[in-house]
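What follows is a set of notes on a single structure, which appears directly below.
In order of appearance the chains are A, B, C and D, and numbering begins at 1 in each one.
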Amino acid sequence: MSAEVEIPYAVKPHPVTGLFNGKFGIWLFLASEVMLFGALFSTYVLLRVGAEVWPHGYSLLNVPLATLNTFVLILSSVTMVMAWASLKMDDFRKFRLNLGATVLLAFVFLIVKAFEYGAKFEHHIHPATNTFYAIYFTLTGLHGLHVIGGILVNLYLLLPGSAMWRTEPERFTNRIECAGLYWHFVDLVWIFLFPVLYLL
Amino acid sequence: MSETAYGWWLPMNVATYGGEVDSLINVIHWIMGILFVGWGIFFFYCLIRFRRREGQKAVYQPIHARPAKYVEIGVIIAEAILLLSFSMPVWARFKGEFPAEKDALVVRVVAEQFAWNVHYPGKDGKFGRTAPQFISSSNLLGLDPDDPDGQDDINAVNQLHFPVNKPVIVRLSTKDVIHSFKIPVMRLTQDTIPGTEINIWFEADKTGQFDLACAQLCGLGHYRMRGAVSVDTPEAFAKWMEERQSEVSGTGTEY
Amino acid sequence: MDEQHHEHHHEHHHEPGFWRKYVFSVDHKVIGIQYSLTSLLFLFFGFSLMMMMRWQLAYPGQPLPWIGRLFGEANMPEGVMVPEFYNQLGAMHGTIMVFLGVVPLAVGGFGNYVLPLQIGAPDMAFPRINMASYWFLFVGGVVMLASFFLPGGAAQSGWTSYSPLANIAPVGQTAWLIGMIFLITSSLLGSINFIVTTVQLRVKGLSFFKLPFFVWAQFVTSFLLLLAFPPLEAAGVLQLMDRVAGTSFFLPSGLVVTGQPLEVSGGGNPLLWQHLFWFLAHPEVYVLILPALGIVAEVIANNTRKPLWGYRTMVYSLIFLGFMSFVVWAHHMFMTGMGTAMSTFFQATTMIISVPSVIILTALAISLWGASIRFTVPMHFALAFIPMFAIGGLTGLPLGLTASDLHLHDTYYVIGHFHYVVAPGTIFALFAGIYYWFPKVTGRMMNEKLGKLHFWLSLIFMNGVFMPMLFIGMAGVSRRLYDQTGYAHGAAVQDLTVLGSWSAWLLAVAQIPFIVNFLMSMRKREKVRSDNPWEATTLEWATPTPPPHGNFLTAPQVYRGPYEYSVPGRTADFWPQHLPEEAESPQPRPATT
Amino acid sequence: MNTASAEEVRKHVRVYLMVFAALAVLTAVTVMVSYFHLPVHTAVIVALIIASVKGSLVAGYFMHLISEEKIIYWVLGLTGAFFIVLMLLPTFTSG
C-alpha cells in the first residue's frame, strides 16, 4: 500500500473535458472563493446602504499608495503569466526570473499594505473604530492572507518545487498554471477592492 | 387561567384572525394525513404482494405510473391553493391591514434579557422619548426624564393587559439580543430585531389569562422569559390602567 | 486516534508502512473508514449530549442520577444542570450532529469509500487533499470538543449562533467559530475532490446517465458544499472579527446588555448573520438529505431486484433540488419582520422545492411495484426511510407557509419536523449504508438477527422521540427551553416530553445490538464467499474484497446502466455494469458459507 | 490552454503586454475619475464598469478564460448564478 497509485489525468488532459485534474480543481476552488468574497462584498453593500452616513474612501485612506499597490499587483500578474509562458517556451531561466519577480512584487504589495495599516494604527484607528474601517480591515486583511498564501505557494514552486522541472516538466508547467490561476484571482479581487474601498 | 386553554393540539384561540390560521393548519394536516395514509396503503400493499417468495420474479419493464403523476399534480395544485387562498390572505391581513391608531390600543414592548417591558403611553396617550443612555435599573425603558410626554408613561414589566374586541398595535423592539414575542393563543410569533422597531397588531375576541413566551433563544434565562397576558373586559382594563397610573403619579419619578 | 498520537515518537522505529497505511493514508478507502469511525463516535457523543438534555426536560431541576456530579460545580451543581450548560449541550448537539456526525459520515465516509469504486477509479483525483480534508475535520472536531473546557464553557447560542447573542457569549463561541472554519475548509477540499473525481475519473463507458444514483447524489451535494459554505465562512470571519477585533458587523447602535450600554461602534445588522447563515444552512439540509437518498436508492434497487423506476427523472429532480435549495433560505426568517413581497417569493420557492422531493420519494415507492423484495437488514432501513422522510417532508409544509408558521415558528414542531428528516430519515439511510457496504469493507456480513432487532427498536423509539414533538409544538411550546413547565401550555404537554425522554434513552439502548454487531462482525463473523454478496450490479462489487490500494485489478469497462436487474432472457437476475455483452451470467451463489 | 504549443505561446506574450498596458491605463483612469468627486451613483457605476473591464481582461487573458474548456464555463456560470443571488441579499434584508 505504500506504492503510489497512478491517478488518471493527473498530468495529461482528459480527452472529453480537455482538463487535467489539477486545473479543474483549482477552478472549483476559485468558484468557492468567488462565493466567499461575494458574501463579503454583499455585506459591504448592505452595511453601506443601511448606514446613515458613509465616508468616502478617498477622504480616509491613502489613495496614492493604494494606486501604487494596484500597479504592483497587476505587474505581478503579468510576471506570473510570463513565468508560465517561459516554461511553455522551455526557458527555465526566464521562468525563474519571472516567478522571482512575482514573489518580490507580492512582498512589495504586503510592505506597502503594512505601511498603510501602520499609519492607521498610529492614529488609533482600528477595525472597531467604525463600520467602514471594520469592512476595510476585514476585506484587505483577508485579501492579504490570500497574498501570503500565494507567496508561500510561489516560493515553494520557485525553490524546492522547481526540481520537478527536470523530472516531470509537463506536470511542473501544470502546477505553475494552477498557481498562476490562483494568483490572477488574487489580483482580480484587488481590482474590485481598490475602487470599492478607496475610491467610492 | 382557564383549564381548557391548553392541551395536546392547538391551544384555545382568542385572536380574530386565529381561526384562519387554525383552519389552514387543520387543512394542511388533513392533506398530509390523506397523502400519508393513501401512500402508506400503496407502500404496504407492495411490501406484501411483491415480497420475495416462490415464483415471484421481478419485472424489468417499468410500469406506466399514471396515477402517480396525478398524485404529483394534485400535490402541486393543493400547495398552490394553500399558498394563494389560505396563507397569503392571512399574511397580507396580518402584515398589511393595520387598524387605524385612533381605534386601537398602542403599546410598545421592549424586550430584554429576560423580561418584557410593556410600555403604555399613559393618560396623555403619548409615548415619552426613550434613549439608551437613560436606561437604568429604575428606568428600564430609558425614558427621557425631561420629556413631559413621558411623565405619565407606564412600564408594566411582564404584564401585557389589553381590552377584548379592540385592536392592539404593538411596537416591538429589544434592548439587547433577538427575542421572539409569542402568544400561542393569539397564533402570533414575531422576532424582535435589535436596532429596529417592528409593528404588529392583533385583536382578541375572548377574555382570559394567557401566556406570553419567548420563542427565540436569548440566553440562559430564555426559558423563564414569561409574560402574563390578560385580555380584559373594557371596564377591567380601564380599572387596571387606573391603578397603574396611580402608582406612577404616586411616586412621581418611577417609570 | 489519541493513542496513536502518543506513539508518535516511535514512528521511526516502526515499519514505514504503518503511519502511511492507517493514519496519514492517501487511500480513499482508509480515509473513508477514518471519516466513518470518527463521525460514528461524534454521532454517539452528540446523542449523549441530547440524552442529558432530555433528563432536564423530563425532570426539570432534579439531579441527574449517578453521573450528574461528574460534570463539575459550574455545570451541574449538586447534579442539577444549570441553564448555561443546557444551552451548551443544545448548541453543541446541533453542531456536532450536523457538521461532525451526519455530513462526515454521509459525504466523507460513504462518499469517499464508495464513490471512486462506483465509478471505477483507482482513487480520488487528489489523494493528498483528501487526507488533508479528513485532518481538517479532525482538528475542527477537537477544537469543538475542547471548547467545553474553556471558561464559560462551549458555544451556547444554538447551532445557528444568531448575533447579537453569539457576540456577547463566552469565549466558547470563538472556539466554535474557529472550529467551524476548520470544518468548512474540510468540506470545501472534499467537495472539490468529489467533483473532479466524478467528472474526470469515470471509467470507459460510464457516461453520466449510467452513474449509480448514489454518485449523482454525492455529485450534486458537492456543488452545494462548494458554493454554499463560503458565505458561512465569510459570516464566521465577520463574527470572529466582531468578537475578537471589536467590530460591529452584526451589532446595531444603542444596544444595552444587562443594563450596561455595549461599548461598540454599532452600525451593523443582526439579520445579515441570519441571511449568510441560512444561505449555507438551507443547502446544508440537502447536503444531509441527498447522500441519504443516494444510499436508499442503491439499497432499494438491489433488494427489489429491478431497475429504479424513473432513474432519469430522479436525477433531474436531484439537480433541480440542488438549484432550488439556494433560493429558499429566507423561509427560516419569516418571523423577522419580513414584508409581503419577499415572503411570497420565499413561500413560492419553498412550495416549488417540495415537488422534486415528492417525485423522488414517489419514484422510490413505485420501484417496489412488480419487485421481488428481499427483506435484508439494509432494506429494512431503506424502506423505513421512505415513510419517515415523508413525515419530515410533509411537516415542512405548514412551516413553509407564513400563516401557519405564525403559530408554529420556533416551536417544537420545527424540531420534530427536521429531526424526522435527519434522524429516522438520514440516519436510517446511513444505517442502511453501513449494513449494505459492511461486507465490502470488511469482507464479512453483519448479523441479520441483531440487525433486525436494532432496526425495529430504533424505529419504535425514534418515533417515540419525535412524534410527541409535533404535538408539543402544536401546543405552541417554544424550542430551546431549559424548562417548559413554567408556561401553562408547556405544563400541559409535559407528559409528552417525558415520553420523548424515555424514548430517547431507550433509543440509546436500541443501539447496543448495533454496536455489538458492528464490533463482533468485524472479527468473528464468517467471511463472504463472493465479492458480490448482495448480487449487485454496480462497480464497487467488481473489486476484490476488501479492495486493495488502487481498487481494481484491471481497469473495468462499463457496458450498461447501473440497475440492470431481472433483465428478461438472462439466467441470473442481475447483470453487472462491467460484464461484456457476451460474457456468461454470473451464477447466483449463497452470500456466506 | 495547456495544449498550446510554444509557437502560440510566443504570440500570447505580446497580448499579455498589451493587456498590462490596458490595465495600467484603466487604473490611472479610475483613480483620476475619483478626483472629480462625482455624485455617488455615477461614481459607483463608473468605478464598477472600469473594474469589470479590468477584471474581464485579467480573467480573459491572464486566466485564459476567452479560450477555455466548456466545463469551466459551466462551473463559472453556475457560480455566477448563485453569486447574483448572493448579491441580491441586501435587497432581501431591507425588504
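For this structure, a couple of remarks:
Basically, contacts are C-beta pairs under 8 Å (C-beta built on N, C-alpha and C of every residue); 3 or more make two chains touch, one makes a residue touch a chain.
Just so it is clear, the structure is predicted and the values come from calculations on it, not from any experiment.
When chain pairs are compared by contacting C-beta pairs, B-C ranks highest.
For this pair, chain A with chain B, the centres built from the Cα atoms lie 49 Å apart. The geometric centre of chain A is 34 Å away from that of chain C, both derived from CA atoms. With centres set at the average Cα position, the gap from chain B to chain C is 32 Å.
Between chain A and chain D the centroid-to-centroid distance comes to 14 Å (mean Cα coordinates, whole Å).
Counting only residues that touch two or more partner chains, chain D has 71, 78-79, 82, 86, 89, 93. Along chain C, residues 199, 227-228, 231, 266, 269, 271-272, 276, 279, 339 each make contact with two or more other chains. Counting only residues that touch two or more partner chains, chain A has 17, 19, 24, 28, 31, 34-35, 38-39, 46, 50.
Touching pairs of chains, sorted by label, consist of A-C, A-D, B-C, C-D. The residues of chain C lying in touch with chain D in their complex are 199, 223, 227-228, 231, 269, 271-272, 275-276, 279, 326-327, 330, 338-339, 341-342.
Per the touch definition, chain C reaches chain A in the complex via residues 16-17, 20-21, 25-27, 121-127, 129, 188, 191-193, 195-196, 199-201, 226-231, 233-235, 237-238, 241, 245-249, 264-269, 272, 276, 279, 548-550. Chain contact summary for the complex, chain B toward chain C: residues 1, 5-11, 20-21, 24-25, 28-29, 31-32, 35-36, 39-40, 42-43, 46-47, 50-52, 56-60, 62-63, 65, 68, 71-72, 75-76, 79-80, 82-83, 86-92, 94-96, 112-113, 131-133, 135-137, 142, 175-178, 180, 182, 184-185, 187-191, 193-196, 198, 210-211, 213-224, 226.
Residues of chain C that touch chain B in their complex: 82-84, 87, 90, 156-158, 162, 164-165, 168, 251-259, 261-262, 266, 269-271, 304-307, 309-310, 335-337, 339-340, 343-344, 347-348, 351, 354-355, 358-359, 362, 365-366, 368-375, 383, 386-387, 390-391, 394-395, 397-398, 401-411, 471, 474-484, 486-489, 491-493, 496, 565-568, 573.
Of all the residues in chain A, the ones that touch chain C in their complex are 1-10, 14, 17, 19, 21-22, 24-25, 28-29, 31-40, 43, 46-47, 50-51, 126-131, 134-135, 137-138, 142.
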